[in-house]
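Note that the chains take the letters A, B, C, D, E and F in the order they are written out, and that residue 1 is the start of every chain.
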Amino acid sequence: MLTAVIALAALALLAAFGLAIAARVFAVPHNPKADEIEEVLPGANCGACALPGCAELARRIAEGKADIDACPVGGESAAHTIAAIMGMEFEGGAEREVALVLCKGSDQVAAKRFFYNGIYDCNSAVLVFGGDKACTYGCLGLGTCAGVCLFGAIDMVPGGLAVVDPEKCTGCAQCVAACPKGIIKMVPASRKLHILCSSHDKGGVARKHCKVACIGCMKCVKAAPEGAITMDNFLAVVDYSFEIPAEVAAECPMNTIIVTGDAAGACEEPAAAAGGDA
Amino acid sequence: MKEIIRLCFVLTLITAVSAGVLAYVNQQTAEPIARALLEEKMSAVRSVLPPYDNEPDKDMITIMIEGGDSIEVYRGRKDGTVTGAAFAIVASDGYSGDIEFMIGVDGEGVMQGLMVLKHLETPGLGAKIESEDFRGQYSGKSLENTELWEVTRDGGTFIPITGATISSRAITKTSAKGLKLFREHKAEIFEEGEVQE
Amino acid sequence: MGSGRFFGGVHPSYNKGLADSSAIVEMPLPERLVVFFAQNLGVPSQPVVKKGDEVKKGQVIAEAGGFVSTPVHAPTSGTIGSIDIYPSPVGVDAPAAVLVPDGKDEWFEGCNVERSSEGLGVKKIKEMIHDKGIVGMGGATFPTHVKLSPLAEKKMDLLVINGAECEPYLTADHRLMVEHAEGIRDGASLFATVIGVRNVVVAIEKNKPDAIEVMCKAVVGCQGFSVEAMDVIYPQGAEKQLIYTLTKRKVPAGGLPMDVGVLVQNVGTALAAYEAVRYNRPLIQRVVTVTGSGIREPKNVLARVGTRFEDLVKFCGGLEGDAAKCINGGPMMGVAQYSLDAAVTKGTSGLVILRQEEVTQFVSDACIRCARCLEVCPMKLNPSALSIFIEKMRFEDANEYNVMDCIECGCCAYVCPSRRPMVHHFRRAKAEVRKLQRKTG
Amino acid sequence: MARKDLEVLLEDNMEGKTPEEKPAAEPTHEKPAPRPGPRPKKAEVGPRFVVSSSPHMHDGRTVSQIMRFVIIALAPAALYSIYIFGLDALRVILISTASAMIFEAISQKIMKRPVALRDSSAALTGLLLAMNLPSTSPWWLIVVGNFFAIVIAKQLYGGLGYNPFNPALVGRVVLLISFPVHMTARWVTASRFGTDAVTTATPLSQMKESLATLGHIDIAFGREEIFDLLIGNRAGCLGETSVILLALGGLFLIWKRVISWRIPVMFIGAVWAMTGIFHLFDPAHYIDPSFHVITGGLFIGAIFMATDYVTSPVTKKGMLIFGAGCGIITVLIRLWGAYPEGVSFAILLMNAATPLIDRYTKPRVFGAVDTKAAA
Amino acid sequence: MKAWDEFIKGFWSENPIFRLVLGLCPTLAVTTSAENGLAMGFASTFVLVCSNTVISSMRRFVPKKVRIPAYIVAIATFVTIVDLVMNGYFHALHKSLGLFIPLIVVNCIILGRAEAFASKNPVWVAIIDGFGMGFGFTVSLIVIGAIREVIGNGTIFNVSIFGDGYLPLLLMILPPGAFIVLGVLLGLMNKVEIAMAERSGRQPIIRREHDCASCTIHTKWFDFSEKEKPTVE
Amino acid sequence: MPKLVIIIISAVLVNNFVLMRFLGICPFLGVSKRVSTAAGMSGAVLFVMTMASVVTWLIYHYVLVPFGLTYLQTVSFILVIASLVQLVELVLQKLSPALYKALGIFLPLITTNCAVLGVSVLNIQKEFTLLEATIFGAGAAVGFGVAMVLFSGLRERIDLCDTPIPFRGTAIGLVTAGLLSLAFMGFTGLVKL
């Protein structure tokens, strides 16, 4: 019993002490901040920051080579703590933004100009005449954006149209970069009224290509508060810094404007009423 | 430095406690383990010996064989006279490795039983040497009453396991060797010594 | 020389019989012409006309936009009806001038005047080639004057006149050689003078014996000229492969023919250059092979630049049956069109119309790793691995596997039993890799 | 927008039409890319032309055509096996092919993918597995083998083109390991239509057996024996007996450019060379190399199984390495391993090395700058 | 209720094998029969509960920097106890589990729970967690062992179930069978999880990668780095 | 055959640590996503396993046996191995930054995987001499490396496959390991050990 205790304790002592000495002797300069930051990071080594591991990111942040909010998993709370360690301010906390596909033209309403036979991917499809849609601005519906969204926030509706689910969307903007048509925009999550069209074609042409295209009739511009909706080359564009009443949607003769979320119910009735009046 | 000493101390303490606990447990289990190990062997011994009324585990002699190796032989007695012996032999020409098994022999050199102790044969094939069907064939066979200690394939009497002739052959041949060994040392086994206390 | 073989390649069914014996016919002026402003590879030309302008035949309607650019000329005299976006036959929608001919077909002053090409300086010749809008007519439409200005440190020693015309169906170059051998020869000697080489090889595939014969006759007595008959294999006409066949020199990956001292020009380019210098005629018309089973009367048509495919088709008897695919260029490298509104450009060597039953559908089934594509790829790439990488958006890997060296010849897709859209993948990947490279500088 | 809005939006667009398929509720974003649809039969309005990237021609060869070629090449040997093993052989072939196709169809149904029996690859796998079984195989054994071949080794990876291991061989090896008695101990020699068949061991296990019991090789290997071996007059699996017909099938495939000569030639060559060397040095323990070449499953393995596109390298140099590797491992197992035959294991092991081989034998692009010269 | 939740999570939502994908070595090695699975499960549960108890009660006294070696020593002690006791009293089982008893020390589940849970929670919660995890582990081992034993040996808990006519699929009790069975089971569990997630409208939680983040062993053992030292740039 | 050769063949092919004995599954599955990392890991494992074999053998035969403390095997082995690996890491980091870069990130990962402890215990169980133990440790590590590199090649390929969604990742990885193990079954009986 005694031998056991002595032997094992000696072994442990030797190991611990030896290592402690070795750690001194072979000490390599360390950035204490890096260690502190590493504590804060989730330690999942998931690679979301595109670095080999949490330790590496910690080192970079400590050296000022990476942003304090570079870890998407740790999110804001981690960024705040890291900011404290680094003695910096973390602004963050801006209004949450979500992606929105500015097109409403699924195959049921939008015309095609040819039979596309090729890779099922939007970025590939644009290589041949910019895609098979008659409207050259519209969504190709091959789901490249849905493919890059890590959060499954984009649904492809039947008839080929991408739709973002704002509840699942984390605002990472991967889809914005992926869409070859450039029709995905980041919009404040709180805004409910959207004009789902990107076509700068003149009214007649746009109407020919798509039954729900913006024809640039200006009705919504007039109905909305001054400057909230503007005309950009035959396309009505929402300025999201404005709050726009849901009734404006009913003005659109092409049914291009939609109202989402809680406000949807509110919009339905006035719309019906307006229709009745006219 | 102070910090380091503290850490080392904590760790040493924990290890010491651990060592103490283990030493205690070891003390407590040493005997059951020894018993279990012995029991493992003895159950084989018992199953291959002819009827006996002694405690074979206490009646063991060691015989020397050529090459300087020794074999432990357990003796079964009835009313004080040796009726048979059990000993372990190793077949080195098994299919995937050595096969260690225990055989029991009576005074006439007739095999009373065979028990496989350790082997590495293929499951489902060679591993069937453990089966009663196969082992049973050897009971009652002796060098005298059996012409050829070979498997049927080689003209003998023992039916090999299908697809595992090699394992069967190894057992058969080594058993014969064991019986020969027994014959050579019969005198030693049966005559020498009384019950060892 | 000549009987050598490059690695890989395929033997598609050539179907050249549809048009190879029909002489070039000039097409009457259509009701309107659609002239694209961007007609060369490189920097697009800048329009200098506006709606309503009156132009003369050969008048500049778009100026060169930079060094790697050429002017575009009015193909006939008439009025600019409008300027709008049209489907350009190269696969994008692009701005074009609609020219309504006045029927007089009047030359702009100074054009179409014969003069001696003797004693013109190298600089002057190059200038004229540039001014007359000469671009490569072998398909790439690369400005010829640029190719004629090799870097000083590259020692040029051979001019190859590319008469391979390895694409199935097409016979435009073939007919041009049979009917205009002398012009081609004279154009070639112009090029030779400019880059200062003595040796000129006219390389023709063996399946055009009449062209070889005529060409041989034409070069008799010309110092340094020879005609080379080459094995019939696609893509014999691709310049790297052509140079290898003729000289066993390997153009370095990512390099240009001038890196091995060779200049390759198409036969049509030679003829056009000759006419530009000798007659001061800009490049406003070209031979287009209108063929395919979807065309009633396949023909080799001399058409003005700007002739709409609709009019070409009409001129050739209209569409036959169930025409389902319309290709600008040959079926191996050509660009499928979605509408006959597209119009002839300087690079339109053919218009091939295929019927429904001939159209192969790409289906993107899994690669079964049959290795046929590796066997035929003339660039010795691994198209199988490439396409799989690209399918999974692994563009860096594709780059590592040299996707940028793909010449888009289509051999791999031609043989792929899984009907994978290989070239489409590679074009996608090239775009992405360029994007990546731009990002990383 | 929330689900509700999405539905509203859709209704807008549908104008009362009901969608044919519901919005796909995929659990994750990883969805298999749908195929671009073929051109509709007749379009009254709208587009007229098909637009795709070049090229617009194709040599017409299809996957199913290739698979059919292999089946045709295998047919003589299969028919001959019926001739020598009788209706039992036919039974094995039918059960195997059918169960392979059924497993393929079922798993594709379960995975909600188009059922692609038409590409014949499942039928070929079933047939090849049958050729690798003894004629005495009970039906359940065949079905189990095909389950592992098709479901585990092929469909779990996504089906044709993705499996890293040769399915038929996975099936065979699973059976070999699980039912050694059935797979190695119940041979029937060849006879005309299975009449007067006797049970014996295969030549290779006879060789091993004689080595094990006598300590040296004691097998007659004269002209008569060679002839017997060549015409398949011996015990063995359905497909490994008729060496000549297999070789003819191989020539047919090479002629039709379905397979290249590289793998089979290197495979058989490596076996011959390696056993030859051993035979030269120690003929008492190592039998004549020709014996090794014409016995066992070497021919069917080298010609039909090592050449499986999906699981072998695509590069030329890779094929040479692959073939040689298969040969070396085969000999290793045959001479010293537990199993009498090593072809299946050798091919599976080289299958495992295939990704690495492909990676390190990447062809040098035409005109690649010689790095040494450049440096 | 909380206790029950802590206990039952090891069964499904945090099942160490199927959901956390931990401790695969023993899982693959010992599941040749249901009985072995059961024994290994019990042994691991014992160690898990004991080590959780001890570690949770020591959590205040052990300096952070030597916690890992301290934990490991504690775990190794219990493992040795199990080893000795099993050897003495369940000799046959000890023989068939062989090498893998001492290797419980490095089973990621044990140290993982020590690090992630016991060192942060009060003793009683840690004990329940130990039981829960051990229970989940044991059940999973029994399931895998049973499948392999039934198909590969025709028996379950050594009781023959198909009778003599059945020819076992030996593969299942051989090494390749272990990998294949576990892989297929894992895939099927993922399928179930996806289906369940779909029904309740949440994102399925699937651990696709078995990476070292799921195992805490790799953290530095003795942490003697001198953090006070100034940085040298 | 000399025993050392038998030990090597047995450790590398016949009784491959990962594929036949199920030791070291964690790094086998965790660090096999890329061939390059797998190769780096294999190098680190070779280093650690050889070293651990030697050191634990010495501890066992010169400390535990003389004092009759063999029951402390597990505790002492794990302490010693862990300290050793960390020591090596420290030394490497200081003395050979290049080697540290190549192996460094892998060293802590294998400190205590069961392959390392397993090889130490097996060395004792099989009653190897010091030389045999060293060879066995190295051979087992080479076997681990072979399996690992082959597997990483396969995984790179499987990553490009159209595997059914629930099977992606670890599940199909395990099935692949199973098939690889199936192929390795061919080596059974090559040597008897």
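The working rule: a contact is a pair of C-beta atoms (placed from the backbone, for glycine too) under 8 Å apart; a residue touches a chain by one contact, two chains touch by 3 or more.
Note that the coordinates shown come from a computational prediction; the quantities given were computed from them, not determined experimentally.
K.L.:
What chains touch subunit B and also subunit F?
P.N.:
A, D, E
K.L.:
For which chain is the distance between its Cα centroid and the global protein Cα centroid smallest?
P.N.:
Here the chain at the core of the arrangement is D.
K.L.:
Approximately how many whole Å separate the CA-defined centres of subunit B and subunit E?
P.N.:
Result: the chain centres lie 36 Å from each other.
K.L.:
Distance-wise, how many Å sit between the C-alpha centres of subunit C and subunit F, to the nearest whole number?
P.N.:
60
K.L.:
With centres defined as the mean C-alpha position, give me the subunit A-subunit C separation in Å.
P.N.:
43
K.L.:
CA centre of subunit A versus CA centre of subunit E: separation in Å?
P.N.:
39
K.L.:
Note the residues in subunit B that touch 2 or more other chains, in rising order.
P.N.:
4, 7, 11, 14-15, 18-19, 22-23, 26, 95-96, 122, 124
K.L.:
For subunit C, write out the residues touching at least two other chains, lowest number first.
P.N.:
335-336, 338-339, 361-362, 364, 366, 391, 421, 424, 427 - these are the residues of subunit C that touch more than one other chain.
K.L.:
Return the residues of subunit F touching two or more other chains; collapse runs of consecutive numbers into ranges.
P.N.:
In subunit F, the residues touching two or more other chains are 71-72, 75, 79, 82-83, 86, 162, 164-165, 167-168, 172, 175-176, 179, 182, 185, 188-189.
K.L.:
All pairs of touching chains?
P.N.:
Those chain pairs satisfying the definition are A-B, A-C, A-D, A-E, A-F, B-D, B-E, B-F, C-D, C-F, D-E, D-F, E-F.
K.L.:
Give every residue of subunit F touching subunit B within the complex, in rising order.
P.N.:
71-72, 75, 79, 188-189, 192-193
K.L.:
For subunit F, which residues count as touching subunit A in their complex?
P.N.:
Where subunit F meets subunit A, its residues are 59, 63-64, 67-69, 72, 75-76, 79-80, 82-83, 86-87, 90-91, 93-95, 105.
K.L.:
Could you please specify the touching residues of subunit D with respect to subunit C in the complex?
P.N.:
Contacts found on subunit D: 33, 35-36, 38-39, 47-59, 61-63, 65-66, 158-162, 260, 309-310, 312, 314-316, 358, 362-369.
K.L.:
Across the complex, what residues on subunit E touch subunit B?
P.N.:
61-63, 65-66, 69-70, 73-74, 76-77, 80-81, 84-85, 87-89, 91, 168, 170, 173-174, 222, 224
K.L.:
Mind listing the subunit B positions that touch subunit D in their complex?
P.N.:
Residue positions touching the partner: 95-96, 122, 124-125, 154, 162-163, 165-166, 169.
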